[in-house]
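Below you'll find the structures, each written out as structure tokens.
What follows is subunit A paired twice: with subunit B in the first complex and subunit C in the second.
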Partner chain A sequence: MLPKVGRMLAIACALSSTAAAAPQRHPAPAGMTLVGPGVYEPLYAASPAERTVSVSAFLLDRKPVTNAEFLGFVRRDPRWRRDQVKRLLADEGYLKHWAAADRLGNGVRAASPVTGVSWFAAKAFCVERGARLPTEREWELAALASETGADGSQDARWLARILSFYSKPASLPLRDVGTARPNFWGIHDMHGLIWEWVYDFGASLIAADSREKGDAEQNRFCGASGADSRDPGDYAAFMRVAFRSSLQASFTTARLGFRCAADAKVPS
Partner chain B sequence: MKSVICLAALVCWGLIACAGPESTNEVPHRIHGRALPPSTALRTQTAPRLPTSPAKVEAASIYDLDVALRDETGTTRPLDTFRGHPVLITMFYGTCPVACPILTSQLKRLEGRIPEPLRADVRILMVSFDAARDAPAALSGIKEQRGLDATRWKLASASDDDARQLAGVLNIKYRKLDDGAFFHSTAIVLLDRQGRPQARLDGVDKDSSAIMTALTVPSI
Partner chain C sequence: MTLAQTTCMSRHVINALKTSALVLSSITFACQDLPNRNAVRLHLAPPMTAAPADATSGVSDAPVLAKLTSPPNVPPATNRTKPARVVVNLTVKELVLPMADGTQYTYWTFGGTVPGSFIRVRQGDLVEFHLQNDATSTMPHNIDLHAVTGPGGGAAASFTAPGHASTFSFKALNAGLFVYHCATAPVPLHVANGMYGMILVEPPEGLAPVEREYYVMEGDFYTKGKYHDKGLQPFDMQKGIEARPTYVVFNGAEGSLLGDKALKANVGDTVRIFFGVGGPNLTSSFHVIGEIFDKVHFEGGSSFQDNVQTTLVPAGGSTIVEFKVQVPGDYPLVDHSLFRAFNQGAVGMLNVKGPEDKLIYSGKQQDLLAKQELSPKETALAEALVVGDLTTEQRIAAGRGLFASNCAACHQATGLGLPGTIPPLAGSDYLAKNDKERVLGVVLNGLTGQIKVNGNTFNSVMPPWNHLSNDDLANIMSYVFNSWGNSHGVVSPAEIAKVRPGGAI
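Now for the complex of A and B:
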């Protein structure tokens, strides 16, 4: 028990430190950089009004989250150890490639992207950092950039390179993050390394696809007629949409990782 | 050929004209005739596990999720507010013009088909992902307008992040549009008394036999 004066002092210190911390409540988490603002054309626009959407500027991790970083998180918050995680929040494949629940082992590179993580786990990691998962639109805006421009969608050579990434599965073990050239925004590995979770995964096809008999084909035709669809040649974007739509929040796969994002606005 | 295009164009026009928040599409799990990236994630939804097969691993309880609900009376409740009852749970938004009223009607029909005394035991939980507009008064209005039994039905909303997590465990996908409406998939999930999913019904106005069958299992 502290003496009364000591306690008062402690409270005063706590108050003043809170006050001092207030102006920088949302500092840009380390490792992030500004992306956007920009205009993004979804592959499947659910309605004519959505053919182009504006994305506000936001902060995005320059590199995907690594095994070492995720190991640190799991050690700090044992609820996310593979032997303690609730099955509701991560399936059986969760961090299965690690040697143990709290150890990577020799076969797992510390600096390669963490994979085998569920949406819930990825989200929890970002929240611990005072961040969040990027939305699908944010991720796609960042992914639109080539190495030299914010919009690489008209750059045939760039598109061909991206497509070549997608056409050959990445070899395991995955290479280290950040070893390829960054894109226009200074972001590494948006293509060619892993799939990545987004906050609202799987929502972009809701209005454009359906198991209702007939609807899907009609929507496709609308797309083909130019009403609702972006360049059908962007096969890589199509694959991302398809992949995300196949996911459920507890799923894990050997090539699915993530990076975090944050709002760009820092309250004054 | 020309007539086909004309017809399709008409169909398209019709779709655009009625495209909007009432879309009742379900979660897509495949793309027509296209190759998908090779991945273990490309699984189709697993069939609901019935409690009659004890050898199988039981589905995890969604009550393990730490989310808070705000009901139509303004009371904050945990997700397991109906623990101990079989629960039909769904997600919706109150200003949805077509799909959600159909969903409510479907739940009412389901409710009506459950034999007593089980019916008195079943609870129905509709969670809105539009907390901003589905304030308690709005939810209470829906409940009254639709004549929903106050003892068995609960309408609630969840914060954006909590709703997203709940949608994650229920495998419901949604997206907020710039005009404030939502595109969303529609599903009714039957939970047993511990909150473990036992059966689901995707889409509106679909065959509800899986849920009815699961409801008749004695251990529900």
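Now for the complex of A and C:
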């Protein structure tokens, strides 16, 4: 339900920035591409006066981080090996699907997205690359795009396709990253493969301090949860918000991975 | 738990020994409703009860592990004379299970079944609830038990990420049969995927013993394909919003109470059915054909009505029906909104065995209908269907519908695929130059990696379709091999069976 002006702005900016990107900007870190700037309407507005959110242009990994890439990181920084990581930073499920602390084994595809990683570990991986985790707003702006437009939120067929991903059995082995069609920004796998960490995951549903998790707003749990939302029909957005708010920073799950982001710096 | 509540509970226990559940529940209400519990405490005598001396909880310290059962079974009565601390361990699992013959659905379940495990406790019990979300789950989940007095019914306290577990406790203040369900956003989707079950809170005097107790819940399901379309069916949100279910079934799937799985009883037994409606949308007109409910605890509460034919059960509500079976035979359980029973799956069966009683029911005394005869053509067609020996034309015709529901989402109804992503089947040189076994192998085993079709390179993933039967796959492939200009001959179920890994299904 993005206002028409907002949608136009997102598309117009995207076109102009793509056209003018090469001479004005630092080269993007390998594997990243420019997203935004854009405006979108989050599922839950921060206040009635803040129905829309503006996101500055930023750089985002085209694909989620793979097992092979994360293995390289763990080998360079053994503090993040599963047998050396501090329990405070990653729970018992951390990289459990790998054959060993420094080896994927035959059952794990190198080019599949890495999962079973905590927020702390994902953040450390990105920092090592001189990058960071995307904010929830950045991630949602990138995920708003369909394969053909910056804003797929009015495209009923696109929304239905996103929702159909959730009807697949959870036990399917994860496919390789980047094998599905990219979206408008040239980004792969924003939907249909894994959940992804965002920097401020704890801001979903609840107060900004994730230590207040136990006090999650009651009216967003039961049937009432549709009442104050942007669009009670956007089930996939509800699932993302619900998923993020079920997490703590040390948690890992079998379908939770990440990708990195960076600021799009413009030289003065 | 305040001391005032404890005092209230203790009085219940005493009263329970000499009063009916009806009176008891009204006292419970009065106690809960008192505006100032501390004030009450001052005017009440100290608890005089044989109940345990734990001053803070009013229950015994030794925990009891709740025995949970899968539908249609019900755990035995608690047979306890006093409240206890009861531990419930329930694990949420997301599973692909059959919804009908040849049709699968990705269910989200409490304990691996739809409805979820049956929980049985006693009024006054302190229930320590451990909700685990299986590591293979995609979604976070929680539980809202209608038996809980407290905000959200436990939903916020039990909100759990995949691979994690949560614990919370509640006091079972009110007796009755209560629905529980997942209350994670989007709630209707979690319920539509099967996340509901029931918890029985027995009144202190328990329920009268009967020969048979069963657990049945009705639910409405919304699939992209039509009723009986084959394959793994995704959820259809629009149908859900419009309350146009594809399936309305008992215990999560068509046929879950039919054939070998029918409910059983003997002549002379009293049957008690704990019946609930998970929804998410429909209410049920619950009826057992050929029986009259002797007793209905309507809405799962403490009062009952005698001699009921059909009882209305709300979504997120329940009923306890009891009836004595006196005549052997088959007694269908239905939702008496009859299109649901006839066209959407809402039928179960109770088989009653034992001696006939012609005074109660005579059976048919005269048959006045003439025998129906089939035309020779109808007979031939019926025989062909029985032996599975279809003509090429019949296979292609049957394959058209199966292709539409299983393959067309990617390969398109035109067989042209999607440029750059999904290879075409129409006029495909891949089909022409590879032998039949290899092509059938791709359908059964899936295909990952780069292939070239009609000069274009594709690098996508085709999942395996081995959940379809040999017959369905033979029909689909016969259709593909003889459509859009293709001409590669017919495929028989035997050819599929030969290629299928691990043999036939």
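What we mean here is this: the second predicted complex is superposed on the first by the 212 of 268 C-alpha atoms of A that agree within 3 Å, B and C clash if a C-alpha of one lies under 4 Å from a C-alpha of the other, contacts with A are read in each partner's own complex, and residues count from 1 in each chain.
Operating definition for what follows: contacts are C-beta pairs under 8 Å (C-beta built on N, C-alpha and C of every residue); 3 or more make two chains touch, one makes a residue touch a chain.
None of these values were measured; they are calculated from a predicted model.
> Is A:251 in contact with subunit B, with subunit C, with both, or with neither (first, second, both, neither)?
In the superposition, A:251 touches subunit B and subunit C alike.
> Which partner does A:238 reach: the first (subunit B), the second (subunit C), both, or neither?
So A:238 meets both subunit B and subunit C here.
> For A:163, decide between first (touching subunit B), second (touching subunit C), both and neither.
In the superposition, A:163 contacts subunit C only.
> Once the shared chain is lined up, is A:154 touching subunit B (first), subunit C (second), both, or neither of them?
neither
> After lining up the shared chain so the two structures overlap, which partner does A:52 touch, if you call subunit B first and subunit C second: first, second, both or neither?
neither
> Touching A:202 in the superposition: subunit B (first), subunit C (second), both, neither?
In the superposition, A:202 touches subunit B alone.
> A:175 contacts which: subunit B (first), subunit C (second), both, neither?
The answer is second: A:175 touches subunit C but not subunit B.
> Who does A:84 touch here: subunit B (first), subunit C (second), both, or neither?
Touch partners of A:84: none, neither subunit B nor subunit C.
> Following superposition on chain A, which residues of subunit A contact subunit B and also contact subunit C?
93, 166, 169, 195, 215-216, 218, 220-222, 225, 238-239, 242-243, 245-248, 251, 253-256
> Along subunit C, where are the residues that touch subunit A in the complex?
94-96, 106, 135-140, 142, 144, 151-152, 155-157, 159-164, 183-189, 224, 232-235, 237, 241, 420-421, 448, 459-461, 463
> Residue numbers of subunit A touching subunit B in their complex, please.
Residue positions touching the partner: 46-50, 53, 86-89, 93, 119-120, 123, 166, 169, 195, 199-200, 202-207, 209-212, 215-222, 225, 227, 238-239, 242-243, 245-251, 253-256.
> In their shared complex, at which residues does subunit A touch subunit C?
91, 93, 160, 163-164, 166-172, 175-176, 179-181, 195, 214-216, 218, 220-223, 225-226, 232-233, 235, 238-239, 241-243, 245-248, 251-256
> What residues of subunit B sit close enough to touch subunit A in their complex?
Of all residues in subunit B, those touching subunit A are 5, 8-9, 11-12, 15-16, 19-20, 23-32, 34, 36-43, 45, 60-62, 64-65, 164-165, 167-169, 171, 173-175, 177-179, 183-185, 202-203.
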